[in-house]
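Following this line, the structures themselves.
Across the two complexes that follow, chain A remains constant while its partner is chain B and subsequently chain C.
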Partner chain A sequence: MSNGVLTAPGLAFPRETFAKLTPGPFLHTHLKQTKPLRPNGRTPEEFRQPIVNTGSLSHSNGSTVVRVGDTAVVCGVRAEVLLASDIPNPPRDGMQDEELIEELGLLVPNLELSTGCSPANLPGNPPGTVAQSLSYRLLTLLHDSHIINPADLRIQYTEPPTEDDETGYAPRIVTKAYWTLYLDILCIAHDGNLFDAAWAAVMAALRNTVLPKAWWDPDREMIICSPLVSEATTLQLHSLPIASTFACFSTSSHLKQRKEAESWILADPDSFEEEICNDALTIVLARHQNAQTRILRLSKTDGSQVNAEAVQGCVALAEQKRAVWESILTGG
Partner chain B sequence: MGPEIIHHPLVRADGSATYSSSLFSVTAAVNGPIEVQRRDELPEEAAIEVNIRPSSGVGGPRERWLESVVSGVLRSVLLVHMNPRTLIQITLQVTKEPSLKLRRSVKDIAALPSLLHASFLAVADGGLPLATTMSASLVAVAETGETVLEPSEKELAKSRSAHAFSFNTHGDLLLDESAGEFDSQMWESVCQLAAKACADTVQRGEDEAMGNGAAEKLPWLRLELEDRAREGSAWRETT
Partner chain C sequence: MQADRRRVNAPPGGTTPPVFATPSNTPIARPVRSRQPDEHRKIFLRTGFVPSASGSAYYEIPPETTSQSKTLLIPSSSSLKITCTVHGPRPLPRNAAFSPNLLLSTHVKFAPFATRSRKGYVRDSSERDLGMHLESALRGVVIGERWPKSGCEVVITVLEGEEDGWWGDAQGAEKSGGWGMMGVLAGCITVASAALMDAGIDCVDMVSGGVAALASDERGNGTRIVLDPSPSEHDIKAACVVGYLQSRDEITEMWMKGNAGVQTEALIDEAVKAAVMTRSVLGEAVKESVELKANHTDRNVKEKGSANDVTMTG
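This part shows the complex of A and B:
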């Protein structure tokens, strides 16, 4: 100091400190490069690749572990018998098969976030708003997608002809019970975009679900399940819908002119990006065999930066992702 | 014919409104800005809390999800940075629901425009600072591929897909919840139809002289808000 040479104190923050202090400008500087690259090293349109492991839980009818980046989700399917005689308001005869699952509640997803999967979700807490609304979104999507044939969930019995019946009387088939599938989804690590991971886990677990052979025993008046694995059947899914979530980072604010705002669409946001971004766009695509891809669900919430044109772009990206994930989920 | 609106039905809330469309009736109450609990406090903006009460029973996961959707829209409508570290509390009571049995997702989507309109009118009634006005509309696509704006219960029950859209005055897409089975061209045309319908409720048409046939196109939301503004400033003229 005395000789007049000043050594400047370190004014440059390390990367992590910058990200913690001013997350918005940190993401903005990454995105405004000529080739935008997100802090996590992905391009804006890039999705994370899932790692799928099926059949890892031995005591459930079907299970999967899906890991997408640092988001990890376990899904287990437990099948229980619902006796038709226990249903307070039995389904009407004229009811269409598609409504049956929704009417009787034969699919019950439940997402558990309070596992300590992130600092915001401490273990032991009752399910919060996020967990409840995610469970509900999974439930409505399961109903809307009609992936399970309701006939597969029926346990039927052919009544033998009684003496009163005339000869040639067609045997009467009655549904004595239904399979109810409880889908328990546990988030063991939360790094953004939980819905896509949870939905993929549900799909993979359902594909992996094995239902034992069950029949009505008229003598004991109860449902008997066969212990033989060879007699059990694997649940067949009509299609494999895949969800894709996008976030939108925008520099707009009520304090600025509208036209000054810039925005970027980020595919598959991680939790750092989810916290800063406003808009959330989820697209669920399904493709039946030899048919065109259809949109099952499109939901855009929170924020005003995504216009119809951007949504169309996201649908195209979601279609690419659907093809990739479908091959991973079916091949795994 | 626009929907039926009652302004300020509740005396003790800061702002309130009852909105009745052909499908749903919703009463909304707004209190704010009020003191916020420590854990919900946001340093730079007002927290928005939405409580939805169904017409019977207590709320469950469905209401939690609807609440998060409604609060997301209101956050981009309200000037939340004007009242940092406060709470804006909105309570919505559903008093009428469609009597026909609808698919769960269709019923939820059909409820959204009514919930949004009720809460927006209550927020405007409560005099909270707004960035923009908004309006919402419901579109159903029939099995034949025909789009129906503001469908009836029967049309909803037979629909292939249902779409709830919300736009602000600038025509920005605030919300879209679409469920069913559709392709992107269909979505595009539904989106345009909804954007037009939303714009019609807040914008006065180019030519003021409208024929009797065009009575349906009245910008009801704009007229309501203008009426309220006139009533609110009436004291100026008398003094």
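This part shows the complex of A and C:
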């Protein structure tokens, strides 16, 4: 069948019909052209450009709206105070600073999908498996990346010397409370590759987060904050990891020889491509200042269809994307 | 309360929102209404931002920046931000009973960061109540007989809600006047109406929401009626929301709170006036979306047969 002849409407279906009836062959036909072009008009290696807006929510310490193509995500950071005396199992003395955030659960990311962002995600239900796993992946990545300095989350107090102390005794500094950051991520519109968008939103919102100056008031025995912007501090991140997701489309099937199968790597899949490709490869790259880029996480589902060279190619693409997104997130 | 096993939970010790102590040399001033009593705040309304939904709309009342908002971390007032998606009409599930009409279901949820105190993820009764009000506003507008055995979901997410009062008034205790809900409902009605139009669901008319309030006059001792009150600017005595069909001169939904006394009718009239003002914005937004759709189909027809198409064989 050849398209492009408008005079035979009885035989030719519009593109949308083919996409709906036979999504797999439809994508395959697009990819096997001499210059492969995906149905959404991008080349296989092309990412969508994000649009980032920060500080639009007035009741959050930090907030962003990230739009990647038709996927839109809102992230709001709320800081609340966790009193050290309220912690049931106080942190051990010898504990490393890095473990502190994870041990106390000071970062609470939650991704909400059931906002009607797509027909499959209607509200009224508890978060499904996808939402739960995405929240968990965000949480573990936040812990693994160590981007937040635990010292920034401590609210400390220097105890005045008591009468029992000898003279010349150094004042004791105790941590009276910790800031807990609630990261609420709402998916407003879902068109594939939610993890990249959600992670970028978290990063941009954390960069934008302002913590008020807080101190322990010994008379009232509570934490008091200063509302002045001039005294507040902006949260500093050690690095800005960027996640890149690839989908793998393959023509392999049980009825064919394995060597006959062709496969393509599709960068930044949209929801149509995500539905067809059951394979996904997520690479998270981070770069500390003036250092080499390091792979923070590389996760791949369903291991049969991508070989090692392809993964290396993906890492190179992810590095390109990281540089572009980093400049957008820091500039905007 | 039992921990929600499906979400990442707060630390077991429980956290408290920060308590602010304003230095005595920093004056805290209540925001003052700068517009006329019969002047509506500016509204931003856009449709079609969620392509996978049948219809969608975004409604915003942009914040007014004051000098105070730059020096204090505490926001002096809130700005309304509401998104709405419409899914449907689509067939009812097989096990549902027969319905000769379109079954409309509404769902309103506040984002956790929508209000001054953090909201939970599970819908509370005030959100459910808001959903009921919205449903009664929309039910009279949609021509349901045209879609028997079908359902339609109207989903609203409030990204930022209106406040119930001025934060300086209610130190510590949250004032439970609920005036903010009135403004949110009016916004919900307007945004849902725009999303329904975007979804192409037949309606008898465009319904729009409006609020008016009876507030004590700052200059004198009496009271005055103001359109579209921002609760942080006024001391509200009574308020009224209407869902109004202008061309039919009908009210589909009315919610009044507080004691307006003899001024009840005047208050309703003013709320209707506010609804008429919102309708002009709604009309423009719907017109814009129709034009955009018309252009889009034009372009699709032109592109057909060009290099964008691929040949499918086998």
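What to note about this one:
Rule of thumb we're sticking to: the second predicted complex is superposed on the first by the 322 of 332 C-alpha atoms of A that agree within 3 Å, B and C clash if a C-alpha of one lies under 4 Å from a C-alpha of the other, contacts with A are read in each partner's own complex, and residues count from 1 in each chain.
As a working rule, a residue touches a chain if its C-beta (ideal position, glycine included) is under 8 Å from a C-beta of that chain, and two chains touch if they have at least 3 such contacts.
Every value quoted in this text rests on a predicted model; they were computed, and no experiment measured them.
After overlaying the two complexes on the shared chain, residue contacts for A:136 are found with chain B and with chain C alike. By the document's definition of touching, neither partner reaches A:24: not chain B, not chain C.
Of the two partner chains placed by the overlay, only chain B lies in contact with A:295; chain C stays clear of it.
Contacts of A:78 after superposition on the shared chain: chain C is touched, whereas chain B is not. Once chain A of one complex is fitted onto chain A of the other, the partner contacts of A:144 are limited to chain B, with no touch recorded for chain C.
Between chain B and chain C, the partner in contact with more residues of chain A is C. Touch criterion met: A:212 reaches chain C, while chain B stays clear of it. Contact with neither chain B nor chain C is seen for A:161 once the two complexes are overlaid on the shared chain. Contacts of A:306 after superposition on the shared chain: chain B is touched, whereas chain C is not. Overlaid on A, the two complexes show chain B and chain C touching the same residues of chain A, namely 132, 135-136, 139. In the complex of the two chains, the chain A residues touching chain C come out as 1-6, 14-15, 18, 25-26, 29-30, 33, 41, 56-60, 63, 70, 72, 74, 76, 78-83, 86-88, 104-106, 108-110, 112, 115-119, 122-124, 126-127, 132, 135-136, 139, 180, 182, 184, 186, 188-191, 210, 212, 214, 222-230, 232, 271. Residue ranges of chain B in contact with chain A, taken from their complex: 60-62, 64-65, 67-69, 72-73, 75-76, 79, 81, 103-105, 108, 131, 168, 170, 172-184, 187-188, 191-192, 195. Contact residues on chain C toward chain A in their complex (touch as defined above): 4, 6-23, 26, 49-53, 56, 63, 70-75, 77-79, 81, 83, 85, 87, 90, 107, 109, 111-116, 118, 121, 153, 155, 157, 159-160, 304-306, 308-314. Within the complex formed with chain B, the residues of chain A that make contact are 99, 102, 129-130, 132-133, 135-137, 139-140, 143-144, 253-255, 258, 278, 292-308, 311-312, 315.
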